[in-house]
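The two complexes that follow have chain A in common; it is paired with chain B in the first and with chain C in the second.
The block that comes next holds the complex of A and B.
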């Protein structure tokens, strides 16, 4: 293969290579610093905050943050709006509940069962629905949550019917009592952190590159050898167990699982978190989840005012940064770089 | 009817072969019995007036669209039953007329997306830094540097593709296609919308990447065809008119009346 760079371009390529290596080193250092900061923040929050309600709410926020991450695997990952994602959230919740009450499993085994069922369900649903894109995929996946809700209401022997499932034994993970607010928070926060780290690794892997190329331009992705259908299915099967884990970890907080977990409102809440935090930053949904649940609590907002406020924010985001808040950051970066270039050439 | 066909050079094997391609959309016949044979190492042009069926033929040749009847063989393999990504992995790359690049990604990431289908490491390999990951990474970096230098994009590597000038985006599109080191390169109206300077740069780029490759170009711009192609096929109203060297093609009487009569220079 003949590629003969001219000396001049080779020179500039070498220079750029060095600056890239330096930038990679910087970004690796930044990742470590952010990780240390996250661990410190979690430990600090758990130690400093003594209010049981706040700790439990923070734990629940982390659990719901896992669900938001799952939504963002689809939205930020391959560019689909998964309105039916609460299906997997509900499968996780019911998996934990049925596992504990009907099968007598410990919580962690029940949660794993829910995650496994979610992966299998995602594979089966994905094979059929991922042929669709855009609004069609959103609507069909939403429709399936309706099916799940009807099933949960009517399969009384398995799901407890419309009243749902409650009266769980004390929920533990190994020696950890999830009934203790501080422990609950630590466990959910640790799970969330692990999920973020895992998704960062996915994003940087060839599969992450494949997802991103499919999201940006599926036709071009196909023409450079990406199996678009397969990548979309893998993303769906990756997102499902995350949602199920979130659903399972909400059980110790809610202490009840009803067919309402399949309400599309749950997905919409998760979507709002993603949009608030930014869909192109891996930890964005987590930031969004914190904004979404903690700030209204501290501001003591009336739920109706909260809906009004968040709806307005979402409209503003959609108007000025339809791809999520990160777009503003990108635009700013481009502008800064352009003005930098202009300065240098002067 | 086909009135003249240049014989393929004896030595070079045929790498793209289309036989009696017919494509109908309902009652409309877009292509009616087009055959062609492109030899290894050749730069082959497909030209014709608007609506002649060039783009349909192009899409059929690279497997995006399936013909109503007829067959396409690429490097001896019938692509009729192959998915587009599978065809791409046999060493075929194409550039699109529109949406040619990953607009939200940097130039460098565009090149990464062009390459990653050939990576052998996975998520776990990425986490633990496996040998497959290091090898993939090293091969990618070396290739990316070469392609950046070749396409003249070294200084734009960290810019978002969507903000680049049109001509630069087209060079990047070729760069993305080159990342997988394709044996066959399909270019769909690469010079459409370019100014004279951009077209000249682009012709130089294609000449530089041509050695060791077979290139097939659909193009409206006669200057590009004359500069680059050894042979060109003229398609008019969905049927092949002539295959020959560009300067012969342009003098062919049916081509002059059917195609060039309207907008000859």
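The block that comes next holds the complex of A and C.
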């Protein structure tokens, strides 16, 4: 019997292509609308809000949101819990501080230096630690932040020791004064938006698909020819400069960099943001960051009450909606729809 | 020579304390199948329970077992309410995050209830020291060493010679096979979690007269526990004991002869070297793939 492609399958393939093109066009339009809305929201927020404290806090939230995005490249991207991600956050902060104070670089150059160091560090660390998965990876990456903290405390000549580094010159990016709350907010929000767009592009690229296959089933991905080790390393090296950028952009807010940036508590905060917003939505961590900083601010919570509250929320989320809070909404919608259907059929 | 001997003894005593923490951790990993990131919180709970009981006028030697029972009870409640449910959620990293959050929540609760300051725990052994062949040992440290050794030896005998102990070993080796041969696997898992957490509580209560009780005390214990457990091979009980002694002695030697301020980094460096050259740990079983 002769095997030849039947016209039917060719037709259906063509149809699949067409429907995919339509879907791509629709999602491209959606992206544009969302982008316009985000730009409008950022511009509007910056213009309407005049309270310097709120603006600065919002700017800081955006900077920390970058860190949350970085965590989500690992968690939502390849399915690892990067407890040590604050290593790169700290490298970014220290990079900016050391660049400005010790090397006399302008802020943007110092931040870029921090990001470059973070990428190199991620490559070196990743080669060793990404052979591990799951709890092993989390524990070892967490341990490395402990080593980094010990190093930051002991290398006083470079890092200023336990007291940290402070007394920065006015921080500027070109003509933009980051000391001004409004400018600070616009700069961090713009960076965050660029990072989200970049990650959307990554997710749609073949590399994004490879990452998703690794997350869903590493062994299957390997068996169909995805170079799992390479994809994991690339994801790690992608996440590092994002965290470093977040760390550098927190410096104008905090005005001090201490060894405490390597505290695992920072990673936990970022992780909370990711889980609140949902790890499978690219902008999820940003939404989580907003919830995470704004709610405690308006409720005036004690930091420990905040930890207790958010930790309990995390436990509940992981038990009932491991994909993020929006999953509860979806479940609720399904249930409502089902009960509606039941009503109609009666 | 005197200094070396003294350092070795200090390391041995330190290692005995680590061993109790690490055996609990490795037991939970081997049988329940989760990396218990809340282990340090139970360690702190043990110390606080001891602080509360001795504050009520209970003798330290009586407060010690009572604290362990209290921590085990808390462990039982968390196992039934949280661990059991999060374990079977479909995302494989969920148990890790849940345990971590649980630990954070307990520490935050401790700070809210008792305040961030350290609380002393009085021990009748006090500051007594004695000299043996020219080596100084404080009575409390000697007590910790003896107590750890007795508990660990008792646990080993229990594993080897009782039906429950053998069931535990069976579940560790092959949970499905154990289930098919009629072992109540969920019950064994709960039991292991409670035992492991109780061990953390015991270690906390034992160490509390030396280090006092403070909310974040479990942090260091957790890190040491994980380094020891990875060194010895996750899930391996002899590995945990061996790793603990090795780590205790290595820490003491490093502290005395190299640098005090860099000591916290030593454990991680050993762990990374171990994972590079003996990926399954020093005494661990080689596995096809890991959790």
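Definition applied: the second predicted complex is superposed on the first by the 299 of 346 C-alpha atoms of A that agree within 3 Å, B and C clash if a C-alpha of one lies under 4 Å from a C-alpha of the other, contacts with A are read in each partner's own complex, and residues count from 1 in each chain.
One rule holds in what follows: a residue touches a chain if its C-beta (ideal position, glycine included) is under 8 Å from a C-beta of that chain, and two chains touch if they have at least 3 such contacts.
Owing to the predicted nature of the structure, the values given are computational and were not obtained by experimental measurement.
A.B. asks: With both complexes overlaid on chain A, does A:307 touch chain B (first), chain C (second), both or neither?
C.D. replies: Only chain C is touched by A:307; chain B is not.
A.B. asks: Identify the partner contact of A:86: answer first if only chain B is touched, second if only chain C is, both if each is, neither if none is.
C.D. replies: In the superposition, A:86 touches no partner, neither chain B nor chain C.
A.B. asks: Would you check which partner chain A:134 touches, where first means chain B only, second means chain C only, and both and neither mean what they say?
C.D. replies: Only chain C is touched by A:134; chain B is not.
A.B. asks: Go through the superposed model and pick first if A:248 touches only chain B, second if only chain C, both, or neither.
C.D. replies: Neither: A:248 stays clear of chain B and chain C.
A.B. asks: Could you say whether A:150 touches chain B, chain C, both of them, or neither, answering first, second, both or neither?
C.D. replies: Once the two structures are laid over each other on A, A:150 reaches chain C alone.
A.B. asks: Touching A:219 in the superposition: chain B (first), chain C (second), both, neither?
C.D. replies: In the superposed model, A:219 contacts both chain B and chain C.
A.B. asks: Quick check on the superposed pair: does A:275 touch chain B, chain C, both, or neither? Answer first, second, both or neither.
C.D. replies: A:275 contacts chain C only, not chain B.
A.B. asks: What is the contact status of A:55 with respect to chain B (first) and chain C (second): first, second, both, or neither?
C.D. replies: After superposing on A, A:55 lies clear of both chain B and chain C.
A.B. asks: Applying the touch criterion given at the start, work out whether A:63 contacts chain B, chain C, both or neither, answering first, second, both or neither.
C.D. replies: neither
A.B. asks: Both chain B and chain C touch chain A; at which residues?
C.D. replies: Common interface on chain A, chain B vs chain C: 219, 323.
A.B. asks: For chain C, which residues are in contact with chain A within the complex?
C.D. replies: On the chain C side, the touching residues are 29, 34-35, 82, 85-86, 89-94, 96-98, 100-102, 104-105, 107-109, 111-112, 223, 226-227, 230, 234, 261-262, 264-265, 267-269, 271-272, 275-276, 279, 289-291.
A.B. asks: Once bound in the complex, which stretches of chain A touch chain B?
C.D. replies: Within the complex, chain A touches chain B at residues 1-6, 9-10, 12-13, 16-17, 20, 201-202, 204-210, 212-213, 216-217, 219-228, 323, 330, 334, 337.
A.B. asks: Applying the document's contact rule, which stretches of chain B touch chain A when the two form their complex?
C.D. replies: By the definition above, chain B touches chain A via 62, 64, 83-86, 88-89, 93-94, 96, 99-105, 108-109, 112-119, 121-123, 125-127, 136, 141, 145-150, 152, 154-155, 157-160, 163, 176-177, 179-181, 208, 211-212.
A.B. asks: Can you tell me which positions in chain A touch chain C when the two form their complex?
C.D. replies: Residue positions touching the partner: 75, 79-81, 83, 128-129, 131-136, 138-140, 142-144, 146-147, 150-151, 153-154, 219, 268, 271, 275, 302, 304-305, 307-308, 311-312, 314-315, 318-319, 322-323.
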